[in-house]
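We call the chains A, B, C, D and E, going by the order they appear; numbering starts again at 1 in every chain.
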Amino acid sequence: MGTPRRRRSANVIAAQRRKAGQAPGTPIYAGAPREGQAAIRWISYGPDAIAEGDGAASRAPVVWTNLVGVHDAAAVRDLCAAYGVHPLAVEDALNPAGRPKAELHGDALFVAVRVLDVKDTALEYEQISFVLGAGWLLSLQERTGDVFEPVRQRLRTATGRIRGRGADYLLHGLLDAVVDRVFVALELLEDRTDGLERAVAADADASAIPQAVHALRSDLMGVRRALWPLREVVAELLRTEPPLVRDESLPYFRDLLDHVLQALDVVDAARDRLVGVLELHLAMVSHRMNEVMKTLTIVATIFIPLTFVAGIYGMNFQVMPELGWRFGYPAALVAMAVLAAGMVELMRRRGWWS
Amino acid sequence: MGTPRRRRSANVIAAQRRKAGQAPGTPIYAGAPREGQAAIRWISYGPDAIAEGDGAASRAPVVWTNLVGVHDAAAVRDLCAAYGVHPLAVEDALNPAGRPKAELHGDALFVAVRVLDVKDTALEYEQISFVLGAGWLLSLQERTGDVFEPVRQRLRTATGRIRGRGADYLLHGLLDAVVDRVFVALELLEDRTDGLERAVAADADASAIPQAVHALRSDLMGVRRALWPLREVVAELLRTEPPLVRDESLPYFRDLLDHVLQALDVVDAARDRLVGVLELHLAMVSHRMNEVMKTLTIVATIFIPLTFVAGIYGMNFQVMPELGWRFGYPAALVAMAVLAAGMVELMRRRGWWS
Amino acid sequence: MGTPRRRRSANVIAAQRRKAGQAPGTPIYAGAPREGQAAIRWISYGPDAIAEGDGAASRAPVVWTNLVGVHDAAAVRDLCAAYGVHPLAVEDALNPAGRPKAELHGDALFVAVRVLDVKDTALEYEQISFVLGAGWLLSLQERTGDVFEPVRQRLRTATGRIRGRGADYLLHGLLDAVVDRVFVALELLEDRTDGLERAVAADADASAIPQAVHALRSDLMGVRRALWPLREVVAELLRTEPPLVRDESLPYFRDLLDHVLQALDVVDAARDRLVGVLELHLAMVSHRMNEVMKTLTIVATIFIPLTFVAGIYGMNFQVMPELGWRFGYPAALVAMAVLAAGMVELMRRRGWWS
Amino acid sequence: MGTPRRRRSANVIAAQRRKAGQAPGTPIYAGAPREGQAAIRWISYGPDAIAEGDGAASRAPVVWTNLVGVHDAAAVRDLCAAYGVHPLAVEDALNPAGRPKAELHGDALFVAVRVLDVKDTALEYEQISFVLGAGWLLSLQERTGDVFEPVRQRLRTATGRIRGRGADYLLHGLLDAVVDRVFVALELLEDRTDGLERAVAADADASAIPQAVHALRSDLMGVRRALWPLREVVAELLRTEPPLVRDESLPYFRDLLDHVLQALDVVDAARDRLVGVLELHLAMVSHRMNEVMKTLTIVATIFIPLTFVAGIYGMNFQVMPELGWRFGYPAALVAMAVLAAGMVELMRRRGWWS
Amino acid sequence: MGTPRRRRSANVIAAQRRKAGQAPGTPIYAGAPREGQAAIRWISYGPDAIAEGDGAASRAPVVWTNLVGVHDAAAVRDLCAAYGVHPLAVEDALNPAGRPKAELHGDALFVAVRVLDVKDTALEYEQISFVLGAGWLLSLQERTGDVFEPVRQRLRTATGRIRGRGADYLLHGLLDAVVDRVFVALELLEDRTDGLERAVAADADASAIPQAVHALRSDLMGVRRALWPLREVVAELLRTEPPLVRDESLPYFRDLLDHVLQALDVVDAARDRLVGVLELHLAMVSHRMNEVMKTLTIVATIFIPLTFVAGIYGMNFQVMPELGWRFGYPAALVAMAVLAAGMVELMRRRGWWS
């Protein structure tokens, strides 16, 4: 059914199989094949000035170079070579199904995170890698997206604090933009959970509820699998020593960790609710089934004996004295009524009419 | 159904989305919009004197300033600026859906807790923030409430120990008042659990029990989610170094931690009971269903064969010798009675009449 | 149903609500109100001598003072004041619903434990507090009980090791007596579990089993909640530094910890068994239900078609050639028998007669 | 049903109750009473010589003394006194229901383990204690058994490594023999699990499967409860300092730990399988039940309406025009056939014939 | 059913029983008996040269000796003796059911891992041991396989980095090849999970689904049991000190650890999905059952009363006035129709036609 989680597992396996037998650090793109060249765009800024352009940039106080299209292995290789990035980091950047992580290679920090996006109520995942050096930051994306646009706007605004701080603060801003996206997805999933809860309460279209719960849980698990390593990545950043991540930036990364933890709390609360919703649905289905069974039993218990009595007087024996009685027919009807009333009374005593 | 947990998740998401794209530390109110100005009231006290007033206060031995209405971002900003509070702490104080925490910013301690209140048997949550400095304490509330009233009474009474101690002891008193509120909510939830247990035992109105269990569990989870971070906050306070939290105050904070742990124990015991109650309910429903099925089966098993026999002698074949027998009719009745008795005996042997 | 666990949760909540708004350390009794004065009795002993009496005692080598009736707050206050006990410890001793703990206040150790007792097959809990100082031990009980009687006997016997050792060894003896009581309760619960297992195996009175499992599990959980903090208390005692707990007493406290762990093992084993018993019961109920359904289905599947055939020849159409046949009736009977045999054969093939 | 686990819990409780009120370290036998004197046999050996005998032995390079019959408290006391064993260790050795442990008392190491044995497909447990000193090892058994026989054989063979090493290596050999026994029991349990899996697949004698799963799980839990503390005991031995356990013996104890972990892995795998087997069984029972219900429903749904039609034309109204029609009877039959075919078609469309 | 997990447990038990009573370190083959001699082949290489051959090799810069057929205990013993491998390591290498581990013996590192292979959609496991020394590496396999072939190719290619690095880098390459194999198996299992999910959605052949889930979960658990110790082995290698594992190789082992963690993630995601699939299947089966029951109840509830009415007018009482009425028959039919319509209306109101 194309849930994100399955697609991701499949991607991981496919990527590993493509790389099987290669020496580690071989700069080969491990994702599904794609066309087109990578687009590279840099922004170089300091407290007083900002410049933007395509291709490679001179090293201003801080240079942020964003590459879109990691499938263009040559472009990634060239860009990374220009900044002296470690081969294993390049390999990781080229693997869109890699494990999110923050790892120090020499004097540069490699960070990979999974970004969550919503496309027409479906969740999409993208791997984005960062390499943080002294005064420079690379960001490598698979697809063109607008996740970093708010940060660009803040950079272009001269008044923001961001221009006066280093590349580590920029990394914080970009990761914060990534986490902001998660909350958009969470809103969608909360709405779906609300809808399910209302549907269960209304008992509407009961047969579709288990499948909806299954699909929603798959999506929640997918978000959780994207968020959990993000938590480890930010915690790792908090342990990174200066000068890559400076002490004055630590409160901001702690703040970021807080946001990730909040998102995880929301996911866990939604999963708990979902378990409750399914339990409630099953209890209601079971209650409904009991009602149905009780109705059947009541009807059958009353009418089957009556029908038997009617069957007796429908027999064709030549000698059946009752048949000749004057009030035989009314007597039989009265007997049946009494029998039925007795049955009803018995069931009432067993509490079947509650 | 408007359970507190969902409302909280929704608030968290809404707050994050309002703040998306903002530089961290931007002092913008993140809660749902509200009208009106904040109300600020201070109490300044020492062992021998106490003064109260509105607005800003001079720094007596200890000054406690309480602000009601964090939606008035300007008032919060001004008050915090007067005490030199860190921008990230101000941002957290302005976010009524933030994560409870205790964090040192410079020489002031920021503490945020979630307060639980009962309004007509419904649970309500409010975020209250504290900033503890040397000789001063700020408390920032969303709504007017009477949770701190007992502490004010103790301050106004000259004899109490509280006047002779520092701002950290005052913080302890305010947090203790917050925890006292939790027990009011727990009493309500215990009563509901007792009611459910009685309802299950009485088998009354069985169809409503799963929904009641679901709602009660949601509330218990909400309380747990409010208490759990409180535990971490108090544990963090115990680790805070002097002079903000002095050694002589530590036994009182340990005592506070004890109260939080007791409340968590009560919540966990209630959840365990709830699981047991639902299990018991389902077992009783299942037992009831078995009774119904057994009744149906007994009735059908006895009467269906009898009806068949009656059906045979109701056939209109011209040559059916039994029909002409003198004692055909009584013989048929006796045969039916024997058949029924055999069926009953068979079922008795299978233990269906236990 | 008055399970111990609920009563305890209710007590905890009631105690907290009585204390709400009080300054911490206020010596107010937090339990349910009671009448009567406390009874205080001391035993003072050394290797060679022993003396007993009511009221306060001079400080012999070791003095053990036992107070019964913590609801008499004045007596508790006076006794504690005589030994210089910390106000927070006094407050804890006055709260019969407090959390078991071991805490150092100044140069005295406060220990609170929950004691389990069996009264006519029902479990009862009592909070007992101890204060251990240099050469003295206070024990504070709610109700008169005989839990400490064996220790008194050992003290009065001149030959025992206990007279020659310090107050910490006496504390060990008293706690050991508390743990010995737990095993009496465990024996009772084991017997009830055995009874349940036999009842399930015999399938006797099936409808009562879920409730019995629920009640037994509640009791086991209650015992567990009493034992678990005891484990922490003893572990804390093992970490306490000399001179309050001397090195030579450590092996005995380790031995005590072993007994607590054994009791916890027994509780956990019983809970595991209980889960198995309930599963087994549900599987047997489900199997029984299947048997019932199969019987119904077999009877109905055989006789409903036969009855239909009989119904056809009971129709009153004027032109029904079969009715005039000579061997119409036997032919119909044979046809019915063949139909029934076919049905039986079909069901036999489906394995319904296993 | 006499599962080992229950017997053990009962033994633990009985032992604790027998010891209640006794001073710790009192050398009283805590097991069920037994007759007969203990049998003591020693083996004294060095690289070049070996001697065996009954009773007490002189201290050769290494002396191993094995006592069978710990119920003979006097013999245990005398033997332990001869080696200066700590009273608490003696008490533990006399308690066949004690907790497995490894504890240093002075310069001797006390080790207690639970030994698993198979007697006619039933599992039996025995507590064996060891005391390891410098150059001597005591082993104390409850019953005569052959678990140590392979070690005796290795000692008697001049060529083995074991003669040239110390008492710690001998302890390793004896514990290894204990673990070897566990695998005999595991083989039996694996066979029973295999049998159950085959029985479920063959759907044979379904009603006995839940009870068999329950019994097998009880046995597996019993093995787990015996193995788990053994793991802790060996890990504790690895932390014991020289000279009691020498560095050169550590690889062998690590090897032993490996075997214990392997056994635990096998137990855990068997428990996982058992859960799967029970789930599979329940799913198959539920599927069978559905089949039965479907059959009943199909038969009833087809024939009940037909019987009703036949009933209509069996009514005795004097004016029923159809009864006089020439082709009334065949028409009625055809109508019934059409009705039945329609019902069948409807059910086919709902997928009931898959 | 021959799942890998059972076979492995059985192998572990069999191996331990074969070794029971043996002194540790005895070089005896513990696997199932096999025929044939071991095949030994070495590759000796440096940056500029490479040589291959059978049997023993001189010690070039790096020598890798691969032995196939560990059942040939003599060959294993001789090879290990030539490199001075510790007896316990030899014993472990000879046990194909041993526990995966990485252990330092003297100046050589022993590593055992479980290799996963796919043979015609069935999973197979093989134990492979490595011994890493200074400049040499032994690898010991049970069966001929092609898992190391890619590494051999990389060695033979002069341009690869692998020739210029040490034996630790070679070990990394071989372990990486082992992990690559796991992803082949995972792809197969993902496909089976996809197939199951589709089958459940299509409700096809429902009775086989629980068994398929059971088998697939067994396989996933088997993979997990093979991967989990691999994780520990690689983590252990990362802690190994130089010179056996050099600092410059650490990033590659970290990369390897990453791959193992990714595989574990995939396994865990598949297990989660499987739980969801089974839940969904059971919910659909239960829904189907409810549909069936509802149909039966509707048909029976409508027709049983009607049949009773028909039965009444089929009675043969001589005095039944209705029978003589002119419109008795149509009146009866109309009454029945009204009765049926009332029943339908009642059921519609209860929401049975949703």
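Operating definition for what follows: a contact is a pair of C-beta atoms (placed from the backbone, for glycine too) under 8 Å apart; a residue touches a chain by one contact, two chains touch by 3 or more.
Predicted model only: the values in this text are computed from it and were never measured.
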Handout entry: Rounded Å distance, chain A centre to chain E centre (Cα mean)
Key = 26
Exercise for the section: Indicate the whole-number Å distance between the mean C-alpha point of chain B and the mean C-alpha point of chain D. Expected result: 41
Problem - Residues of chain C touching at least two other chains - result: 289, 293, 296, 300, 304, 307, 311, 314-316, 320
Exercise for the section: Pick one for the touching-chains graph, please: line, ring, star, complete, other. Expected result: ring
Practice task
Write down the ring's chain sequence, where chain A leads and chain E follows directly.
Solution key: A, E, D, C, B
Problem - chain C - residues contacting chain D, complex - result: 150, 153-154, 160-162, 172-173, 176-177, 180, 183-184, 186-187, 190, 193-194, 197, 201, 251-252, 254-256, 258-259, 261-263, 265-266, 269-270, 272-273, 276, 279-280, 283-284, 286-287, 289-290, 293-294, 296-297, 300-301, 304-305, 307-308, 311-312, 314-320, 350-352, 354
Handout entry: Touching residues (chain side chain C, partner chain B) in the complex
Key = 1, 5-6, 8-10, 12-13, 16-17, 19-21, 23-25, 86, 88, 98-99, 101, 103, 105, 203-207, 210-211, 214, 217-218, 221, 225, 278, 282, 285, 288-289, 291-293, 295-296, 299-300, 303-304, 306-307, 310-311, 313-316, 320, 322-329, 332-333
